[in-house]
């Protein structure tokens, strides 16, 4: 267990060269990663677009800060190295891309892969060992399918998508371009629908599919069920963490963030830019508006308006829930106060009668 | 991403032919699926056994309704096509089966499958690529095992069961007839038991097994642990959704519905016809009676009587929990009212003294 | 489904021989397993180090009890067979090990396994069918990798570790000695980190790794993400159940117990000997002290001191939460009492004016 892990690192000089920025401070400062200010660890580069964020960045463990020339003017003491650029967010993006070059997989099909009849595999694709590609499946260019993954019959996968080991796509599923599917996720298993007939439960046929748009990331062991009819849909740019359940006929919009172990029941409609924090659960047929946020472990039983933040069980507006939690924490004491009041009032009533 | 998904559809005429029913309305009405009234989407066929359900079905987005000749008499305005049959529920079942014929897999064993010594594979079975079948495993007739699945030594699998890609059955597990195991589920991993010895945790041997009865469906990435001794048991006709955890020595009865992400701790006893909604959790050794229901995210720490509906954390009868939630929502206001009362009572006491 | 499951069993005589103990009672008593007193089932052997535990053991369904010669003196009626030994806990451990001998896998590499360039596999290792071992991966002696598992490039696996079917280790992950990784777990997928840039979410590179120490057990379908930089770490002897999520940069100490479906967000620090019960969730960057316990479904949003027991949402000290739950259950009645008080006080005030 003593083998040290090799950690990539760069100098501030190298980072400044990527962004064509001007260094203030020690150009030999080592940089080992990039992060948002809230998530920064020692060695990280962060960016700050305003004096307020620069102040926060200076307080964080970050090693250096990308900012614009006018920002530091309003901040008193600058004790970390800076890189000055016209557009810090754009420069940060350039650094992100330079520091994390897409992994390279050689164009090749492993001899142990099993390819179905009439499947098509685009130029530059990499198919790993023990992969199964179904009949009439269509893979775009530079698609990567790693060992043990199963691509069902008639699936369609867009250019530059990467599918990690042991992922399963059931037949007929569509995945967009530049998607990233982590190990063990399952896309297109049957939705969960049964009708009681006497003492038994009869399966409702699940004849729809799953359509995943471009630039979607799906976490390890996450399960997205096929629709009863039509399609379960994941919008472009949405990012889904590990062990999430997405039921049949759910529609999720663009650029949503769905954190680990969230459960989304059937036919839920989720807008764009929605954030569902870890272990939240959404009841079937609920609608969640654009930009809404659900706190961790929230249990959502009714529609959530756009932009709202809900929390708790049953989920309600977060500010209200905070008041309820604070009140509940005082409740045992207040029950004593109520009993004391009752005694006093009885005493008052007794004296009067 | 613009490729349209092929959706199966039928005409009302074709459906009526299956049920030998009589059409009222447009016999060319397209039908794309079947559903319960509560879950109906446009294009669906639903069934209604009484005037009350027919009224609900007429309000739903369903395209057409299976009902009995005497039912519409009591309903005012019938604006959807009907199929009249003597027994709507039985006819609905016939439609279910006709519309979702069991998928067909050719009788074949893929040359990349690895078969253990003395394993038996019944007539008409389909063994996919990269499957491993353990030594002395016994598969019935027409069993389907899809790519990458692992069937451990001495497992027993009944006739007509379908095992999706990358499922893992540990050695010695028994699965009944006509079961459906979705991709990535894991049956028979060790139960979770340890005994502290000094600073360390020593593993308690898990020498039992898992026995899954006939007609059980198990969702993707669901995990059912083997018993410490004896067997973890899933009763006939029970349906389990995705990402569910079933601990060691749990016994689940017949025709239960266990929704996604439910967690059932060790040695729980669940009766027949029980419904556990999404993300509910059941403490170890708890008993849940026949026909009981646990609401989504419920945390069950004690026994639940037959037929009861429990919700919340800690779970209690649902009606009581609803009153508690309503009361808690008013609590911040009531705390203010208590403080106001205290002032008034102090004032009254001051005046009297 | 009627095939009986073979259950191993021993006689009390055989158990006594393992422990070199003295039998009181029927030496032919059959023993089918071992357990803690709380978890004991019929046929189990348990151990009792004091009169209090012996009394509990006598009330349990256990078949026989390991205890020390001086313990039964203080207990009135002994109606179960005993084995008397000097150190019951140590003897119990000997029985555990004798009853559950490590499974044996022959030293062999299956011809369908795919081995990467320059990978090293130690003496006595067993590599199953359809396994992929990455380039430059290093496996110790007697390592077992079962069918369909994927070991990424440059992974390091210690002696005597067992990896069950369809496990995925991403490149560069380190696993210690004597670990047990259950089927379908995923170690080293990308941490979940994105930065909004305009309408889109840009991926924060996840360049770190996962380091799992010796004697760790990891449940089926559990996901442990790689760090952004540095390493996500699981301490020695920690046991993790099924379907658990461990986010990037989490550090878990030694001998912790993490029960099924727990979710641990990024950068959480967990001490030694911590117990997280089922479905608990821990917010990112929280610190949990040595020996702390979090109850099932607890939602932890702030640091937890060493040795504390927290429960509920938001999690607080368990004793306080129990008072809150008891108070909340009475709340609907108390709201009525408040309204009654208000009427009486109004009446009193009216009389006075």
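Letters A, B and C name the chains as they come in the text, with residue numbers starting at 1 for each one.
Methods note: contacts are C-beta pairs under 8 Å (C-beta built on N, C-alpha and C of every residue); 3 or more make two chains touch, one makes a residue touch a chain.
The model shown is predicted, which means the values in this text are computed figures rather than measured ones.
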Intersection of contact partners for chain A and chain B: C
Interface residue overlap between copies chain A and chain C, same or different (over half shared): different
Chain centre separation in whole Å, for chain C relative to chain A (CA means): 26
Junction residues of chain B - those touching two or more other chains: 112, 130, 148, 166, 184, 221, 243, 261, 279, 297, 313, 328, 331, 338, 341, 345, 348
Chain B-touching residues of chain A, taken from the complex the two chains share: 112, 114, 130, 132, 148, 150, 156, 158, 166, 168, 170, 172, 174, 176, 184, 186, 189-190, 192-197, 199-205, 207-209, 211, 213-214, 221, 223, 225, 228-231, 243, 245, 247, 249, 261, 263, 265-267, 279, 281, 283, 297, 299, 301, 313-314, 316, 320, 323-324, 326-328, 330-331, 334, 337-338, 341, 344-345, 348, 351
Chain A-facing residues of chain B, complex: 1, 3, 5, 7-8, 32-36, 39, 41, 43-44, 89, 92-93, 96, 99-100, 110, 112, 128-130, 146-148, 164-166, 180, 182-184, 215, 217, 219-221, 237, 239, 241-243, 254-255, 257, 259-261, 273, 278-279, 296-297, 312-313, 325, 328-329, 331-332, 335, 338, 341-342, 345, 348-349, 352
